[in-house]
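Two complexes come next, and they have one chain in common, subunit A, joined by subunit B in the first and subunit C in the second.
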Partner chain A sequence: MSLLAVEGLDVRFGAVHAVRDVSFSVASGECLALVGESGSGKSTAARALLGLTGPGARTTARTLRVDGRDATAFGAREWRTVRGGTVGLVSQDALVSLDPLRRVGAEVAEPLRLHRTVEPGRIRERVVELLREVGVPEPEARAAQYPHELSGGLRQRALIASALAAEPKLLVADEPTTALDVTVQAQVLDLLARAGASGMGLLLISHDLGVVARIADRTAVLREGAVVESGATAELLRSPRHPFTRVLVEASAARPPREPSAVSSARRLLEVSAVSKAYGSRTAAHGVSFALHAGETVGLVGESGSGKSTVARIAMGLLAPDSGTVTLAGDPWSALPERRRRPLRHRLQLVHQDPYSSLDPRFTVARVLAEALPGHPDRRARTLELLDLVGLGPEHLGRRPHQLSGGQRQRVAIARALAPAPEILVCDEPVSALDASVQDQILRLLEDLRQRLGLALLFISHDLGVIRRISDRVLVMKDARVVEEGTAAEVLTDPRHPYTRALLAAVPSLPGPVGAPDRA
Partner chain B sequence: MSALAQVAGRGARLGMPVAPALAALVLALWAVAVAAPGLLVAADPDATDVVAALRPPGGAHPFGTDELGRDVLSRVVHGARLSLTIGFGATALGVAGGLLLGLLAASGGRRLDQLVMRVQDVLLAFPELLLALLVVTVVGSGTGNVLVAIGVAAVPTYARLVRGQALTVIRSGYVEAAAALGVRRPLVVVRHVLPNVAGPLLVLATIGTGTTVISGSALSFLGLGAAPPAAEWGAMLSDGREFLATAWWTATFPGLAIVSVVLSVTVLGRHLQGRSTRGEGRP
Partner chain C sequence: MPETLRLVPRRLAAGVLVLWGAATLAFLALHLVPGDVVDTVLGPGTAATPALREQIRLDYGLGDPLAVQYLRQLADLAHGDLGRSYQLGLPVSQVLEGQVAPTVELALTATALALLIAFAAAVLTAGRGRVVRSLASGLELLAVSVPSYWLGILGLTFLSYRFGLLPAAGDSGPAALLLPALTLALPIGGVLARVVRQELDEASGRPFALTVRARGGTERTLLLRHTLRHAALPVATLSGWIVGSLLGGAVLTETVFARPGLGRVLVTAVTSKDVPVVTALVLLSAAAFVVVNLLVDLAYPVIDPRLRGAGTGVAV
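Moving on, here comes the complex of A and B:
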């Protein structure tokens, strides 16, 4: 019998039709994935199953059966009996989903009290047991701590423990691993898969096909609020029928490491030697050394907090190292006073992670680029040329950031970085805030620009798939140190350091490069 | 009244609700009173007429006369110049000081930030009026000094807001991108930080103006502001208070003038605040 049966689900927010005629079902022990890009309506659809679409929404469905009960006519009281008890919810960001003023143990105990699944005297015991089951080390000690004292991975596990506490028949997990590092993500996915094996139904919401491939039995692809394709996950990923599914699959397909680009010369543009930086007692970089040659792409990969961004800022001369030096084309760079560095700044430029904060909200595209072209003799022609380089047109000149999509903003940020005609582009997680299909476009653009303009790229990412695609050489950082360095082929197919191996094993990837053409 | 309603109605059609439109109209009237009081009233505000002392409102004196037979309406209208100069001038001074200190604290490094903000914290611990009294005690009374005193007392509030807003902007990607392009720090502050701080600051200043108008009147009421013959709302309140039982109009009309300004400014400020938090205030 199916735990959950949805037919003809519609959700509207005023004039916005967020979910259109969506139908699916989940049986016990089964995992269904709802896949789509941001704004596709997948989270809204999931929230409708818990009656949580909010006061502004109008939700209708022909059929909405939760554990055999007709939920279309549920009032607030009936929904409360379902939430936590029959259906559990795990949301994306555990830091905001856990009450900062309550201990982790109290959070996990709450559903036990509400749904009276264990006797009051056994609650403490059960909380510790639950935390242990989800893989929290030293559960007794952790239960007494506050959320901010736990790492992101532990918080997410605590959240899952609290969702599992009342032994729900169905778990709705909305991007449960998106905020996590890959190694932690792998553990959390295993945990969810185990819960499924014990008979629980799982509705997984994700933008990441790698994650979906790892645990979902069936997958439904959402686009603009409607299901465009659904079926068994393996089948759907192997031979996607709908063009949009094909785009998604192509964008996230694992690719072999690229052919090393023909490095025009062995000319060392940027040399970072034994650079260290500490913030108080925390070491952000320790003895980091590498060189960037003209025309090549060096990928710097590591998990959050490994020190990648610190290294990028030191290389940019935006942050002074505590020790060690950076030289630019053989001349001092990090040692220069800012007054002497300023005239040379055009030689290396930065592309930021977050296209939402990297553009001044008050500036039009024309002004953003004008700032990067001070005193240029033919500013308008150069501006149009730059826009053309990044695939935008004159119609974008008058727009402000909020009138642009995430991908367009990142294109503007890249155009700004290209304006002073740099030799080096430092990209700090330039695609991590973007949807997979947009990621794909931006990576193509960067690769194309590298070839056309002969740029050298220092490319920073936590995502091995992205690094694999774009890098000639790869540096792996962990705990402020570079633990492995080599050509992309060496590091990514035959890693020597145990950490690199763990990182590679943890990456959720699709079964193989499936019907996808090779790197364009 | 119908003209008022008409203007308010037009404001509403332009997407402005009635209350803020009315508030803007009231402030516009007061602006005329400040710039050209002669346009609104003919009588000399300082002309005494002991025969016509303490006349109730009506006839030649719509707001009545005071104990020296001076026309209360005329004094209220002419008093706007002094009262509002102190109120708006002090706010401008407070905003300027707050902007300077706030930007300095946000962009001048840790030590300077600590120094500036701890001093502001100490000043914030005192009520603004008390602080203004303290400054007047030191620099002496008089209109100009009262303006400075109230302005200085308002600085910490604005400094705190500016520092907080400026820090978010300074840590943003676009400021880092500007640094990477080699744009000088002072230019970054003028080009990126200042415009992005201006919106919330303007809103707070509008609301704050209500407070400074009251503070100015309060100091004049205490005899520390405008010197006696000059028409000023706080001073008029102070004079009129002795006749409250027999001639209520001498104190009531200057009081209503203060209320109308403070209310209008606050309504308008709240409206602007609502717009900026809804994101409509963005050009």
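Moving on, here comes the complex of A and C:
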């Protein structure tokens, strides 16, 4: 019997029809994935299963059966027994989904108290047991700590432990690995897969087909609130029928490293030599050296805290290294006083991770770009030229950031970076806030700009898939050091350092158009 | 929390600086105000012989250069000597003696009432429909906007004179305290209620609140175990403002209700330009601010563990 049966689910927020006639079911021990891009309605659909779409929503369904009970007739009291007791939710963004003012142990214990599944005297014991089961080391000590004292991976585990505490039959996991580094992500996915093996049903919500391929038995693809395609995961990923599914699969398929671009001139634009930087007792960069030539892309990859952003800021001349030097086209750069560096700054420009916060919400596109062109003789012509370079048109000039899509915002941010005609573009996680199909477009754009303008790119990412697509050479950082360096083909197909190998193995990527998905 | 406690000596040192600043400003204000201090000492409408005036000048050291007077005053203050009242001829400490306790009593009762009003109003209305919230919001606005002396007079008119429920004046026991404390508490409670409700509403929209609801928690669970503590933070932040309101409000309230206390002493001292008393009260207020802010700084990490120093570090 299926644990969960949904037919004709609709959720409306006023005039917005967020979920349209969605049907799916989950059986014991089965994992169903709801896949879609941001705004596709997948999280809303998941919350509807717990009656938690919120006061502004109108939720209707022809059938909504949870563990054999008709949930369309549920009152507040019945919903409360279902929440946590029958259906556990691991909500999006583990980093903020635990109450920051309460101890981890109290958070994990809450479902136990609410559902009275164990007697009060045994709660402490059970909490420690739960934390141990989800792979939290030193569970007694962790239970006494606060969420902010735990790493992202541990917080995610604690959140999963709290969702599992009252032994629900179905676990709804909403983007459970998005905020995590790939190696941690792999461990959390294994944990969820194990929970499924013990007979629990799992509804996985994700934008990442790599993650889905790893643990989902069946997959439903959502677009604009409606299911466009569903079926067995392996089959669906191998031969997607709907054009939108094809775009998704295409965008997340592993690609061979691209041909290294011919660095004919071999002109060294930026040379970073043995730079180190420490914040107090914490070393953020140690003896990092690399060179960036005109027209090439150097990918800098590492997990959070590995020091890649510190290196980027030192390269930009925004942060002074404790030791080591940076030179720009053979001239001193890091050693210059800021007063003398400022006139040269136009040669290096930065593209941020989050275009929404790097653009002033009150500025129109025209003003954003005009600000980047101080004293330009023909601002309007140059503005249009810049927009054209990034694939936008004059119709975008009057728009403000909130009137643009995520991809368009990042295009504006790139146009702004191109305004002073730089030789080097430093891109700090420029696509990690974007949906896969949009990521693809932005990466193409950057590649195109590199070729047309002869730009040198220092490309920073935690995502090996992205690095693989765009880089000529790759540097792998771990614990403030560069542990491996080489051409993209060398590093990504034949890694020498064990850490690089671990990173590669952990990437949940699709195996390509042929072959069965790599199931955990 | 050794990290937090380590901050105490530094904050106390900073507090001494604040007191020094307050004393200096009070001293400057005194000497910038036009008029002869001797007239103040003599009181209004009194004629005195030049000899008497000279005697007073000598007694109070008013003939010395300003710098000397200033240093002497600081030295006296450092020894805990607040000087002598011009008007009453008594040491200031004696003037204030017996006045501190009624004001502190009034202020503490008012604070407790204000917090009670604020949290009760916020808890009863947070997350409710538009009508309830608009009504509560309107009442709070009224409580904030109405001058407290007028509230006091209203209370006196109805509760004391018309129905005889509460005493109208004096400081005879808790019954006499209730009306003035309520008068003082209402405007503060009105502001705090808005702050608390806003924080409750905001906290109940954060991701962790979804987690609590998804565990099967009721809105009451969410409130009592989670969001109420979040709402305590902005209240702690407003403590300085509360102390200010209490001090300012005490002046009016004590006058309207004919209660003894520092507020009344201040009114008398200001109207008669009794500068040593005013200076002492300025210092006392500054000290109250310093102590309350220190207590708030100590309370923050108790409420919010994320503020407990960087010493714990992030575990991996």
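Throughout what follows, the second predicted complex is superposed on the first by the 512 of 520 C-alpha atoms of A that agree within 3 Å, B and C clash if a C-alpha of one lies under 4 Å from a C-alpha of the other, contacts with A are read in each partner's own complex, and residues count from 1 in each chain.
Definition applied: contacts are C-beta pairs under 8 Å (C-beta built on N, C-alpha and C of every residue); 3 or more make two chains touch, one makes a residue touch a chain.
Just so it is clear, the model here is predicted, and its values are computed rather than measured.
Undergrad: State whether A:Q349 touches subunit B only (first), subunit C only (second), both chains, or neither.
TA: The answer is first: A:Q349 touches subunit B but not subunit C.
Undergrad: Have a look at where A:P111 lands relative to subunit B and subunit C in the superposition and call it first, second, both or neither.
TA: second
Undergrad: For A:G85, is the partner it touches subunit B (first), subunit C (second), both, or none of the two (neither)?
TA: second
Undergrad: Using the touch definition from the top, say if A:S358 reaches subunit B (first), subunit C (second), both or neither.
TA: first
Undergrad: Looking at subunit A, which partner touches more of its residues: subunit C or subunit B?
TA: So, of the two partners, C touches more residues of subunit A.
Undergrad: Quick one: classify A:L101 as touching subunit B (first), subunit C (second), both or neither.
TA: Only subunit C is touched by A:L101; subunit B is not.
Undergrad: Find the residues of subunit A that appear in the contact set with subunit B and again in the contact set with subunit C.
TA: Of subunit A, no residue contacts subunit B in one complex and subunit C in the other.
Undergrad: Hey, which residues of subunit A end up touching subunit C in the complex?
TA: Against subunit C, subunit A makes touches at 47, 50, 52, 80-85, 88-89, 91-93, 96-102, 107, 110-111, 114-115, 142, 145-146, 148-151, 154, 159, 162-163, 166.
Undergrad: Going by the contact rule at the top, pick out the subunit B residues touching subunit A in the complex.
TA: Where subunit B meets subunit A, its residues are 172-174, 176-184, 191-192, 195-196, 282-283.
Undergrad: Give the list of subunit A residues in touch with subunit B in this complex.
TA: Where subunit A meets subunit B, its residues are 316, 318, 342-343, 345-346, 348-350, 352-354, 357-363, 371-372, 374, 402, 413, 416-417, 419-420.
Undergrad: Tell me, which parts of subunit C touch subunit A in their complex?
TA: Interface residues on subunit C, with respect to subunit A: 206-208, 210-218, 221, 225-226, 229-230, 303-306, 312-316.
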